[in-house]
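Next, two complexes with chain A in common: one pairs it with chain B, the other with chain C.
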Partner chain A sequence: MKYILYQLKKNPLAIIGIAIIVFWVLAAFIGPSVLTYTHTEMDSLNQMVSPGVSGHVLGTDALGRDILSRIIVGSRSILTVALLTSMVSTLLGIVLGFSAAYFGGKIDQTFLRMMDIMMAIPPLVLSMVVLGILGGSSIMSLTLIVSIAFIPATARVSRGSLLTCKNNEYVDAARIRGESHIYIMFVEILPNTIGPIIVEATARFAYSIMMVASLGFLGVGLQPPTPDWGMMVIENKQIITDAPWAVLYPAAAIASLVIAISLFSDFVSKVLIHEQ
Partner chain B sequence: MNFTFMIIKRLGSLVVTLVVMSVVIFLLVEIMPGDVAEMILGQSATPESLEALREERGLNDPVFTRYLRWAGGLLQGDLGESIYMRGVPINTLLWRRVGHSMLLALTAFIIFVPLSIFLGIVAGVKAKKTADSIISFLGLATMALPEFVSGVFLISIFAVQLRIFPIISVIPIGESVFSNLDILILPALSITFVMFGYVSRMQRSSMIQVMNSDYIRAAMLKGMPRRYVILRHALKNAMLPTITIIGMNMGWLFGGLIVVETLFAYPGMGSLLMTAIRTRDVPLIEACVLLITVVFAVSTLITDVMYGFLNPRIRFQGDVQ
Partner chain C sequence: MNSSILTIENLNVYFDVFGGSVSAVRGLNLTLDHNESIGIIGESGCGKSTLSYTIMRYLAPNSRVTGKVMFREDNLLEKTEQEILAFRGNRIAMVYQNPYSSLNPALTIGFQLDEVTRFHQKASKEKAREKSIQALTSLNMGDPEGLVKRYPHQISGGMQQRVCIAMALLCQPDLMILDEPTTALDVTTEAVILDLIRDLKDKYAMSLMYISHDIGVINKVADRIVVMYSGEIVESGPNEELFAHPHHPYTRALINCIPREGLVKENFRLNTIPGYVKQRGTDEGGCPFAERCSMKVAGCIERYGMREVGEKHAAACDRAYAADVADSFAKLKVSRSKQHADHTKPILEVQDLYKHFGKKRKIYAVNGVSVGVERGTVLGIVGESGCGKTTMGQTAVGLYTPSKGRILFNDTDISVSWKKRSPEMLKQIQFIFQNPGRSLNPSHTVEQIISRPLKKLMGISSREERKTRIIKMLEQVGLSEEYLSKKSSHLSGGEQQRVAIARAFCLSPGLIICDEPTSALDVSVQSSVLNLLGDLQAETLAAYVFISHDLHVINYISDYIMVMYLGRVCEYGTREEVMQPPFHPYTEALLSSVPEIDPSQKKRKIRLGGQLPDPAKKIRGCPFAGRCHMQIGTICETQPPPLVKFSDTHSLSCHLDFPDAVREPAGEATG
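Showing the complex of A and B:
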């Protein structure tokens, strides 16, 4: 703990990153209760008004909806989906990657072939097509499909990190003791290889935000009335000359969150890799 | 195992991947809600005419027969007909769009590859100095930034404020993209941001690694000019991982193309796929996704071959596994 604080002191960018993340988490939790406008309310007298006019802190869009409220409410869904996605894809990655590396041989070969095939389609294209075909995304379907698209990346990291300590004595010791495979994988090996996996998971969080925002932008993310940052950008792009705030603030929200998480994940990787 | 053998082996696995992909894509579209015959004839069609059309198009045949017919058509270069655009052959729709996307990807490539390699080298050579901190921060910041976010910032600066480039990248009817090259710049720059993060970081770390190696120290101690050592000795080895990372990120580039083409309304393959999904145009979705798979796989293969050529250990011994 002391070591982490010491590292944090040396890394002002990480402090900024963490501060921004905390800001968005707080905004998602308590933001909606202090807003003057709701995110669906259409203020027909104040369409496309600039920031500050009649209580619309960040202005309104073409329908007179309050940009600030929509951003704050939108932060809930993007944070939820991205957090779930990074956790689910990491867990699936651990289970698949560990089993492949632990059992080796035919199982590992099959696993690698399957990953090759999955990687034949870019993750964004894969999720976009599947979500588009199924239609009407929910938090569940979005999380599940983006997680599956991320499996090749996460599983490879887990596989690689298990391979590095598969031949250690403590693994043999556990095997001789007669422990089950599952016990050896998750109780003996996992705690020793958790470093790179955590690093990957935090980086995955940033990519999840990128992916969820892009899917929203492409119109296959969460469906209205749930406000979605990506969707706000494409909806309001037509009015970028008249009401730039309606496009730029949601875009800035995405940018700030993504950059903050990247800074944080860079810090995590420095701390964990230095520790080893 | 030699180099040629490695290429043949890779081509073989490419064919397997494509066959599996085509099955997956076909099955995926199979489970899509909605009936093709109803989509063609509209809501008001009578059950009899629907049934007749299904019979005529062979929609009542078992899945396996239909897959074979579709795959057979693909092998002969027939991608089928678009449903939404009332029976227009996909071949006439698709290839112009593919050309546009290729041109956009190429423009982005020309911008981001030299830029990120150059800045990566600068950061690697000047590790832990101010220049490195700035470049590394930029790389970190842009690495996971969605293309449409950097895109709208670019639009608001260069199109809305300065009015240098157009806000949308449409090609006027009757003109070709070559007489409107300025529409490519902002979309290409939006893609550059994401790729810059990956490539420059990779170049930086491999540069640092090479610069610390013995043979570089020897060259320096021999009194050779620093610039010469960096350009002639270090760069050759430090480029190898970068080439791999560029190849691996081609996937992101394709995803990026869809996003950027949608943002700028650029008539490429990505926006065509978007339209196909929105209008539930089954044959068009299948054709686009399969084509993206092929292009992606071929570009990965090219990267591997290039890597092999640049790395003598692989050129002479084949795939080291």
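Showing the complex of A and C:
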């Protein structure tokens, strides 16, 4: 803990990143209870008003909905999906990557070729097609599909980090006391390879925010009335000349969260990799 | 200051790290004369390498340096990065510990050698190549023209290190710094390289600074020896004088803790130095060695100063005095008897064992080894790297299955892999690995590490009971209860190896295979681990298979010795029989290559040329024929050597004519 503070002191960018993340998390939790307008309320007298007019801190869109409320409520869904996605894809990646690297040989080769096939399809296209077929998405389906699209990346990282530890003698020592493969993989090896995997997971967190926003922008993300940052950008595209704030603020929200998580991810990698 | 080539005055090196700064070198003064060679010795963490990196100006960015490093008239510490380039590799050259990582694997050897002269002397391509070949020739390397076209991974470790030395020689430097250049090499190769370094020094009139933790090695190359402890020089003096009369308690302890000829476990315990080298902060004073010193008095916390104790001989101890080295060995009051050994039946029996790796290109690792280990005895296996000793050990615990032949443990056939062995069998045979840092899981605590086998193989399900057993075991290996919750990565190398030993012994096994358990450790720690292994063996009557490349260690701990070469047994017998003539030529060469601690001892020089034969080839005759100094003719290469028996226990395989020996025809060399 002391060591983390010491590293943090040397790394102002990480502090900025963490501050922004904390801001969004707080906004998601307590934001809706302090807002004057709800995210669906249409203020017909104040359509497309600029920021600051009659209590609309960030202005309103073409239907008179409060931009701030929509952004803050939108942060809930995007954070939930992104967090779940990074966790699910990392877990699946560990299971697949570890088994491939641990058993090696044909299992590993089959795994690698399958990953090659999956990687040939861009994750965005893959999720778009699947979600398009499903016709709209819930938090569950969105999480699952984006996670699957991310598996090649997380599984490869897990595979690589197991390979670096596999030849350590403590693995041999575990073998000659007759441990099972599962025990060796998850009790002996996993704690020693967790660093790069956590770093990859935080990076996936940033990617999934981008992904969810992109899917929202393309119209296959979360369905209305749930406000979605990506969807807000596309909705207000037509009024960009009259009410630029309606596009600018959701876009800025996406950017700030993605950048903050990237900065945090850099910091995590520095701390964990130094520790090893 | 006319003849001195390097003068270091009041050098201090600090590193800023998390939680303050540590001082790696403190108030160091040192002069190196023209054409002089000094050896710097000390345990790891004593600042030897930091000193050499300071001279080369290779220190990490978190370092702070004060003082003066004068190279002739230039203060190296005041040079800019640009200016220092004219010294590095040109006037001051350095050879590193691991040749494999100091050569670039992606470039040919020729290219890397040429680079030096092309950069420093602006030589043309042709001229540079000519010089490179010259340098290789001067190091007695065969076929230098062919060599320059090859890549580092295509040649052996000894050759690589010779290439590194050739590279250092290219600009005919005034000073050559060698940082443990032979530590990663076999003894036979080491001996050849040490001879070479000595010759080169005289030939080119260079000054040498030789850093090593091995006193025997230092002895061979250095005229003057500097002993460093925790960043300070504690003693310096001429080679023979320092060994005959070491004055500082640290020097004495360091010399005494090394196993040597005539020291055997039945009669002696090795000397140890308690504790370990502590990193010091910036403001601690007093004698750095005080807390580990066996002769410390109350004043040691403050008093400290270098004093002359003889001609050119100074020691940093106020009570510097000389005592005879020999009498400081702890002789066992009651010598350990060998009576507990059960000669009737071997506990482990290896019958005609073969192990081959690979399918298309076969590697013949073990080729027909038969040997037995008796209950309660120690079998030492010695040989160069690549002789199959580790493969044999790992086959015995089931990490490999034999290609042919059988392994019997208490008459049960165990030539199967670990997956198919019963828990009882897994419990009976334990393995201690070479590198404790890698054989203990760094993210588990000591309790977890020792407790797991107790639960898994002994079936002790109560956590409390396991804990009491672990505490008792830890006490036996000299660790206290507080280690239970420590993670293994936070322990020192010696403590780690103790935990590994505890893990093996807590199952009360019948046989323990020790694969070079001390070769990754400092000499002072090595001696305490050897003492511990000796004590535990006397207590538990377990049998050991002790694998090592160090003949002195093998000599200390073993009852029987087996000398292996290229997967075959060269010689087998009791310790006394193997360590005395008649010798197998290979045993003789090994014995002659071991660096001696006492510089006054001279012995017959046998240097093995060449390298190990390709393990992928089947050998019809004697595997050692190509390098043997006693080869008697083509018979050596074409016919397998007969087994020559001197007694019931002592036998060797050689074509040489030994009088009064029984010869048996050779077994068919199949495989």
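One rule holds for everything that comes next: the second predicted complex is superposed on the first by the 276 of 276 C-alpha atoms of A that agree within 3 Å, B and C clash if a C-alpha of one lies under 4 Å from a C-alpha of the other, contacts with A are read in each partner's own complex, and residues count from 1 in each chain.
The criterion applied here is as follows: a residue touches a chain if its C-beta (ideal position, glycine included) is under 8 Å from a C-beta of that chain, and two chains touch if they have at least 3 such contacts.
Source: prediction; values computed, not measured.
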item: Comparing the two partners chain B and chain C, which touches a greater set of residues in chain A; value: B
item: First (chain B), second (chain C), both or neither touched by A:129; value: first
item: First (chain B), second (chain C), both or neither touched by A:33; value: neither
item: Which of chain B and chain C A:188 touches, first, second, both or neither; value: second
item: Touched partner set for A:207, first chain B, second chain C, both or neither; value: first
item: Touched partner set for A:173, first chain B, second chain C, both or neither; value: second
item: Which of chain B and chain C A:241 touches, first, second, both or neither; value: first
item: Residues of chain C that touch chain A when the two form their complex; value: 18-19, 394, 397-399, 418-419, 421, 423, 426, 429, 431, 433-435, 438-444, 452-453, 456-457, 503
item: Touching residues (chain side chain B, partner chain A) in the complex; value: 13, 17-18, 20-21, 24, 28-29, 31-33, 137, 140-141, 143-149, 152-153, 155-156, 160, 167, 250-252, 254-256, 258-259, 262-263, 273-274, 277-278, 280, 285, 289, 292-293, 296-297
item: For the chain A and chain C complex, residues of the former touching the latter; value: 3, 6, 168-170, 172-173, 175-179, 188, 191-192
item: Chain A residues within the chain B interface of the complex; value: 13, 116-117, 119-125, 128-130, 132-135, 203, 206-207, 209-210, 213-214, 217-220, 230, 233-234, 237, 240-241, 244, 247-248, 251, 254-255, 258-259, 261-263, 266
